[in-house]
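Encoded as structure tokens, here's the structure I'll be asking about.
First chain written, first letter: the chains are A, B, C, D, E and F, and each begins at residue 1.
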């Protein structure tokens, strides 16, 4: 057949429909998250000194290195470019205590990527949030080092160096709200400044990387659950605002629980997920042996995500309600 | 309150599977479908409660008065085995659908160390009959919970690209490890 | 089925080829629970081997007299007896170990490894073969437990058989002696074992391919060879 | 102490008695008829009832294997040997005792089949390629070259060769037939291992088009059918062999212009 | 029917043999086990009362408490077992008390299931030694992160605050019971 | 006068780059008859038509050359006058070769019309009969024989006829041009359909990105109070049957059911015009109106061509393909079929030919699913595309069936929106095929 109209110098493509695609790409979303983490990183340096950059750097380098190495061993295409390992490294670094030892950081980073992610098949297949897996591993392996806190640079209190939650748990001391909002308190590198986290978090929601449902559910949840206890006994139990700002809750809210891979797919599921985390956080903080429970709460809810998904599939169009 | 603590302790804090390592075989085996995990969990819980009652009676009303503590293991296992067999027969007679849902898991339960572990623990801890029942219920609930979560994850893992040497049992073990890590959050809650 | 195997093989196969823990995935509970140290692993392995060997011996001797329907019940009772003996002996002679192993000595009864070997082997083979098989499987189990215990003790407590072997500068990973560490260690070990086996298999496969592969251009297949 | 012994004996004896009685009762009342294959498969299983396969015990696994719901390789305890035994039991199911092996009935590899003027982009998998206008090759009946069968083989008995066609290593093959199901073009068929005459093509196009799409296609000329005394029939421009009537000596292999029909292990016909 | 009889006899026979066999072995083992247990308790009693040479069980107390006598049969103090909840489960402590219950001699952790490497530090010397000669009035107290100043204070273990606190709580509750018994004149 | 806010719509969907501007303002052009016409016997859903001509038969334009064969089938007419040169297997725009009649056209171009019917006096039965013998099939893409849609089962009460003027596929402007250029024929066609089905109410759904058409149609239906113009939000796939019904009537068509079941009949704009032509002008369906567009073609156009015209002729007529073209698609960019053989002919339901460049395709590298949930948010049918695709690719058909894979209409929304660029639709299509085969097997068993 005569087809002068079709250029014969190269082969046209034969693909399945649809033939056009949106501009969104995984890579782009990943780098947005990296950008959103910058305020938290800055707050870490401001409050705890420049050494903290080394911790984060170590974490990032080892995360990326591990990912690269494992893909090499598995003879798969390297996926370092998509930025996910960088994010894991950043997140892990930012939830470690200030002046944490670099060698332990490296161990945690390797564990995060190797066991938290790659052993499940790599990006997109992991069940648990890799950074939290790394943190939980470090918590279990080096429980003393990881609960040794340093005072922030502008601290008025020179004696105690505990986090507000530990101060509450063991000594029944409440920290006031204002330093907690700015970040002038003891705690993990990136977790102390609510302000910096909010800037990053709102940016993520604004550009559409993060769905608002999970953060909203978590915040609403903690206010409700903490509020109930607070109303029962305001002396014994901390108020909701304290619960919201203390520890890693906000950081977990915006950067950990919203991780695409390990959070539910469906909107109903996202609400259940967020509320579940908030509930577990309150329960662990109040009844548990540990002062902080955000990490465990998110990990536990991560583990039930498949089940949440399963039972919250949306009603298929046209099916009886 | 005491009973509540026994229940929570057995179900979550000192979960049979994740911190006491009892019932690992069925945990690894029957956790590949949520439906069968739930059925298995229910069957185990049922048998656990029955075992708690029967072994309590056997231990505290027969073995101890007659100073036969040394017969604990063989008599417990025989009782459990016949109990399971009996339950299987009853279910089969009473309801075929129930048998298809629960009954087929019963042969597995005989060799499930969680059941015998339960019987041994309750005699060791000298629980009362009521406490034993609650303990059995809690242990069963904890087992079901772990199995159900694991099944959910494994259904998901079916769809993933786990490195070949890690497929199957190794990845299940690693997942269980991470699950145990996550459940450490409940430590100290008793 | 395969009666032509030598007695030595019946022993050797248990060590690696059908290693109870790594290959058959049996007896996981004790493998995870008691392996916080080499000593515990050793004790548990020995106790299990003891029960396995004697029950295999006994069951293969009386296998002809047991009706099929009560086979399993009879096996369990026999096993339970030997477990009780082991338990009593341990309590009487090694109270410390017995305490460390807790309820896991009685739980040998429900170790599927033991019942599994009876079903799969002893009830079909003569006592001598069964003995070798049981010894092999017991040793394989023992090896697995000691390896697990060794790794966990070394990294988790910096010691081996209570002697510090890693430098004091090494901060022990407490996770290794926690439940989570047990799962992770076993999972990783099994993964590595599979990796090694896969590699070996791949090489064999390559050889097979090289051996049986026909020249692709002519597609001449000699079907009669098989 | 005397008393203790007596009570001990009585207790254990009693328990044994009760248990045996119950079992005997169950055995009498609740026996069910079953597929004999299930028993056979159950016999080669380790019977540890560990649940490692994900089914409720070995017997349940056997039931599911026979039903085709579980793979023969599903038993982690038994390992490869058990898998082989099961596969062999299932293979025998078809009634013959001769080993069955899969035959790839297409020889249109990269160098024989004519390619389309477009290039397929998308998942490299036969089942996905078949949906997008049938992949890269012009022939709508031949091998797609995506290697689904190779991936499906649980025993590693298949490989893709340099020409983009799968090959079966019959010595490793267990005859489980999984590859047959994996092929969306149905070009893989199970045949007894001693069968050696095949039409290596499934193309049903008219002669002109078949010539256009592939240099080794059966063009439907019918020469073989006319000489074969009913051993070969022409259906939709394609020679179909009726193995009951086939007499290989009557087939004029050298007359087949594309070499689509061949006797393997016999004359070596190389087609350019 | 024959098979049924066969089944029943086989299993009954096995049961009978097993029963007999086990009771024989038990005859041999049970005294040894009892002796082991006794030795263990004795060891602990004297461990917390180093001067003790003999002891006697005090009946009808509701708790496990022993009078310990010295070389010349004089009362040197009490050895008390108290049980309570730790971080993860039961903790069982043997406490050596002075005659007037005002001072702790030595403590020994008999049983515990605390977090290995962390909570288990309560069984280690640095922690236990803090209790040597500790005043019990008004009760034992703990401080966190600083050196104890009062004679009735001990310092908690870093990272295992709850386990440390539990030990103190358990000892205090034991003490309270012991004091109560003393008042009633049972001791 | 016409408010474009408060546009009706459905949940989900996407907004692909439209690029309708390329051809929006180009009136239909008639393309001269090509030398050779290839008429596939399967131009519609259902059984192939049975040829009634042989090699060498002389035919005139409008003459029946293949008759309906079976209930779901449709006759085929020759679009040109000429001589049948062969009946053969030929390439096809739907991707797989089908039987076709090849006609060498001559210069005479004689047309045989059917007897005219008076639109005002014609009876419903007469309309249906005419639609049937004129070989009219749905223009929406699936090409379902129209006469069947006009004969709903008697137990189903039909409330409304909806004309689908959404044209939600990017690039395509055929329906838009129809609405602008043949407004009155369109309304007449709609009234004929209403008459045939016996329905009082008619509606025309139009996306709010076509204000000209909305104004023009509103003007035209002034005299018919029973016909309403429904302005809908511009969103893909607004023109899908189920979505359109949801947007216009608020009713949801249950899975496995047809629009009949919720009292609606949907017809395409082109179909309405074809019905009008068949009744009022006596013209069987032998031409196709289509949009030739895309950044890869030199002269984008709206064309009216005889069915059976090879793609290559059309591409040549539009000035040929540019150097940077990467694929040629027949249909819209979301649901169309990529072509591998340009001798494939235009069919009755062909709505467009697109020549796409890399810039438009915007394909990036495939990566693994991150479960971001964008496909779920976008899926108009509330399915879980990522899971369905994964299940299909791993051949877990039973699970996929449970999750409703057969409900999927392959609109392509999920693949379009996927940041990981996973070919979701392709996998789902595979799974759907297998699941349907399984269901059939089960039914027969």
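Some observations on this one:
As a convention for this text, a residue touches a chain if its C-beta (ideal position, glycine included) is under 8 Å from a C-beta of that chain, and two chains touch if they have at least 3 such contacts.
Because the structure is predicted, anything quoted here is derived from the model rather than measured.
The set of chains in contact with chain B as well as chain D comprises A, C, E, F. Counting hops only between chains that touch, chain B reaches chain E in a minimum of 1. Inter-chain contacts peak for the pair A-F.
A separation of 67 Å divides the Cα centre of chain D from that of chain E.
Chain A and chain D have Cα centroids separated by 48 Å. Averaging Cα coordinates per chain places chain B and chain C 23 Å apart. Centre-to-centre separation of chain A and chain B, using mean CA positions: 34 Å. Contact with two or more other chains is made by residues 6, 12-16, 115, 119, 121-122, 125, 137, 140, 143, 289 of chain A.
Among all residues of chain C, those that touch two or more other chains are 25-26, 69-70, 73, 77, 80-81, 84, 88, 112, 115, 174-175, 178, 180-181, 184, 191.
In chain D, 4, 8, 11-12, 15-16, 19-20, 23-24, 49-50, 52, 76, 116-118, 121-122, 128, 131-133 are the positions where the chain touches two or more neighbouring chains simultaneously.
Which chains touch which is summed up as A-B, A-C, A-D, A-E, A-F, B-C, B-D, B-E, B-F, C-D, C-E, D-E, D-F. Put simply, chain A touches chain E in their complex at residues 143-144, 147-148, 160, 170-171, 289.
Against chain A, the residues of chain C that register as touching in their complex are 171, 173-176, 178, 180-181, 184, 191.
Across the complex, chain C meets chain B through its residues 25-26, 28-30, 32-33, 72-73, 76-77, 80-81, 83-84, 87-88, 103, 106-107, 109-112, 115, 175, 178-184, 186-188, 190-195, 197-198. Chain C contributes residues 36, 65-67, 69-70, 73-74, 77-78, 80-81, 84-85, 88-89, 91-93, 95, 156-157, 172, 174, 177-178 to its touches with chain E in the complex. On the chain E side of its complex with chain C, the touching residues are 3, 6-7, 10-11, 14-15, 18, 21-22, 25-26, 28-30, 32-33, 36-37, 40, 115-118.
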